[in-house]
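Several structures are given next for inspection.
The two complexes that follow have chain A in common; it is paired with chain B in the first and with chain C in the second.
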Partner chain A sequence: MTATEDRVALDQWYALGAMQDFRAGEEAVTRLLGEDVRIRCSTGGDIAVTAGTRKLPIRTDYGHLWTSLGSPARPVFDLPESREPDRRAVHCGPVRVRASGLRLIENFLDLAHFPYVHSDILGTEERPEVARYEVEQRRDVDELWATKCEFFQPKAAAAAAGGQISKYMYRVVTPFNVMLYKTAPTASDRWDVIALFVQPLEPALSIAHPFMLVIDDTSTDAELIGFQQMIFLQDKIVLENQRPLLLPLQPGRETPTRADLSSVLYRRWLKEKQWRFGVEEPTAIA
Partner chain B sequence: MTNEWVPLALGKDVPAETTRAVIVEDRELVIWRGADGQAHVWTDRCPHRGMRLSLGFVRDNALNCLYHGWSYAGGGACQRIPAHPDLNVPASIRAGVHAAAEAGGMIWSRSGDQEAALPELPDGTPVCSLMIDADHATILAVAAPEIRLTGVQLFSLRHAGADIHIGWHKVQAGKTMLHAVAEGGTAEAALLLLRDLRTKAEGRAAA
Partner chain C sequence: MLRFHDYVLSDSCYKVRLLLGLLGLDHVRQPVDYYPGREHLQPRFRTLSPLGEMPVLEDDGLVLWGAEAVLCHLANAHDRSGRWLPREAEAFGPVMMWLAFAAGKLQALSKARETALFGAEGDLNAMRRQGRAALRVLEDHLTDRGLAGGTWIVGETATIADIAAFPAVALSHDCGIGLEDYPALDLWQRRVRSLPGFVSMAGIPDYF
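Now for the complex of A and B:
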């Protein structure tokens, strides 16, 4: 696979992993948008990221290493919850998935799969209904929001004692970075944040870097990580078996319903951006 | 696939209320059987989000997608979208249904819209399905001269007092799946014959 010519995709920031995973004196090679990317961490802890002979820009926001193969017009998106001192930052990845990163984001935005893919954890077949929620494209900040989402969950989080109606909000900040805000099981007036940073290696190969900022003083890190990894591995089974592996944008290729409002808006937003990386070629109509 | 009936699996390998994924000429299909015993051959893709239906689950006489539980009746029509329990599902939401039939211990399908006769086969003892890394012409060539061509995608071999009926389908270039049913003889003898056929065919294909 060769490097992409998708300018919009190139001019974005991408997470390459949690800072804690890059150790002093070590070197790692990964992929980004079809190109080899080399990460060198000096013995003094200084990090350099290169693609071929090119030195790439780096950022270290939210405990992650970010880079870009192009020239991002904006800094890495703001995540205000990262400045709240009582939140715990927990890294739950990486998870490698043989699918378009756009499919990963869309799956993350989806409520209707909870009773089937995460049976008796995030949903139950007895209560599969997705109530009407609201979606919005905030043009001033170029973000997508889904709000007033509610779903009955038998075990909403690692610390959940029993079933509850969970409230969700979703915030899509770039085509490959999304946050979900969810009723905190131990603090009813605040929201846990679960972020999904997707590193697109190839059009149909991705690494998910799930990251949590939670208000939970009862679960251990291992419990939180174990819970999220179980959820992500269940999603991986679905994602690797969707056809095509790339995200189709042309109408008629798939069948959205009212529960898919987030997905409909996300796909419209990608079209508006003329986004191509991870998208099915329109000529591939079966 | 052509207008002819093509054998895709042994009937015994798709018990009631299960699914089986098959690849036919690079296309992903799902075979599934309802509680009523009826076998179905569909495109292995839910029209909602493209999820492979072979990972789904059969309940009674409906195939349900693993991703969101969309439920499809035997005729292919989606009858229930669990996220919207009160929705009268539009008739346009349908799985891709292919013609399916069972004969001689095998499940057959065809993609053409003209009528075609199913091969006439006695009800033998199903042996197994076997993948061979060779195209069908190579397999037929190594089986000659004992071979009797008995259908478009069917041949028979006489071996150790038994007639072994072998249906085949092309999986992809250089890969063929055989489905064997024995009339008389033992399953062990038929299995040995098939393994021998595989060894010879793969040897010639690799040469």
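Now for the complex of A and C:
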């Protein structure tokens, strides 16, 4: 696989991992958009990221290392919750998934699969209904929002004691970076933030970097991480078995329902951007 | 009380989780941040398990590390029926042999899975080849058993040999190996899943 020519994809920031994963004096090679990317961490702790002979720009927002193969027009998106001192920042560890990163984001936005893929945890087959929610493209900041989402969840989080109606909001800040805001089980007036930063290695191979900013002073890291990893691995097997592996944007290839409003908006947004990386090549017969 | 140090995504820990479920044994579960925290390599965990090996079971002062030892202990000390660890000569040796197989050659799939999921070091294709070779041996064995009218790896009922081998087979998809080429394994894994008290884990497909 060679480097992409998708200009829009190149001009974005991508997470390469949590800062703590890059140790002083070590070097790591990873992939980004079909290119080898080298991360060097000096003995003094300075980090340099290169692609071939090119030195790439870096950022260290939210405890992650970010880079771009192009020239991003904007800084890394803002995450105001990261400045709230009582939140715990939890890195859940990168996981590789053999699917388009766009599929990962779309799955993250989906409520309807909870009862079937995360049975008796994030949903139950007795209560599968997705209530009406609202979606919005905020053109001033170029973000997608889904709000007023509600779902009955038998075990909404690591610290959840019993079933609850969870409230959700979703915020898509770039095609490969998304956050969900969810009723905090131990502080009902605030939202837990669960972020998914996707590093697209190839069109159909991705690394997910799940990250949380939660209000929870009871669970251990092992419990919080274990819960998210279990949920994510339940998704992974579905993602890897979806066909096509790449996301189809052609009308008629996949049929959405009302519950898929956020996915419809996400796909429309990608088309508007003329996004191509991780997208299925259009065919003559739709 | 049994105290079980568990990592939710570990196929080795799942062996023990599965037998605890099948035997219906009460226990305290102690989650370990194996990844990304590498808590199993910290000094505190190594006082229990000097190599950082998981899972670990504590039972009334006894500390055991490694899935196969724990399976043997649970079956030996907590299974009144005696069928999970048969003592008669024609079954005991074969159960031990397949336990060693699960802890030995079949581990290639466990290592491949760790590389495929977490980017752990190693040649994924080489590990997949070794994993397929191990699956082939078990496939052939279960085919022979089927021809002779048997359904389990050893004897007339499921034993800890089946439990030790099940996770690697059921999770093979995680490292990119499907069961299409292993029809006897596919039938067998369905039988394991239908055992009373069976517990699944994330990554095991429930659509077969």
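We adopt the following convention: the second predicted complex is superposed on the first by the 283 of 286 C-alpha atoms of A that agree within 3 Å, B and C clash if a C-alpha of one lies under 4 Å from a C-alpha of the other, contacts with A are read in each partner's own complex, and residues count from 1 in each chain.
Convention: a contact is a pair of C-beta atoms (placed from the backbone, for glycine too) under 8 Å apart; a residue touches a chain by one contact, two chains touch by 3 or more.
Source: prediction; values computed, not measured.
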Partner chain(s) touched by A:Glu129 [first = chain B, second = chain C, both, neither]: first
First, second, both or neither for A:Ala112, with chain B first and chain C second: first
Contacts of A:Gln164 with chain B and chain C, given as first, second, both or neither: neither
Touching partner for A:Arg96 - first (chain B), second (chain C), both, neither: second
Chain B versus chain C as contact partner of A:Gln137, first or second or both or neither: neither
Which of chain B and chain C A:Thr186 touches, first, second, both or neither: neither
Touched partner set for A:Pro248, first chain B, second chain C, both or neither: first
First, second, both or neither for A:Thr257, with chain B first and chain C second: first
First (chain B), second (chain C), both or neither touched by A:Ile237: both
Chain C-contacting residues of chain A that also contact chain B: 237, 241
Chain A contact footprint on chain C (complex, rising order): 7-9, 31-33, 35-37, 39, 116-119, 173-174, 176, 201-205
Residues of chain A that touch chain B when the two form their complex: 111-113, 115-117, 125, 128-130, 237-238, 241-244, 248, 253-259
Touching residues on chain A, where the partner in the complex is chain C: 18, 21, 91-96, 98, 207, 220-223, 225-227, 229-234, 236-237, 240-241
Chain B residues within the chain A interface of the complex: 28, 44-45, 47-52, 55, 65-69, 81-85, 87, 93
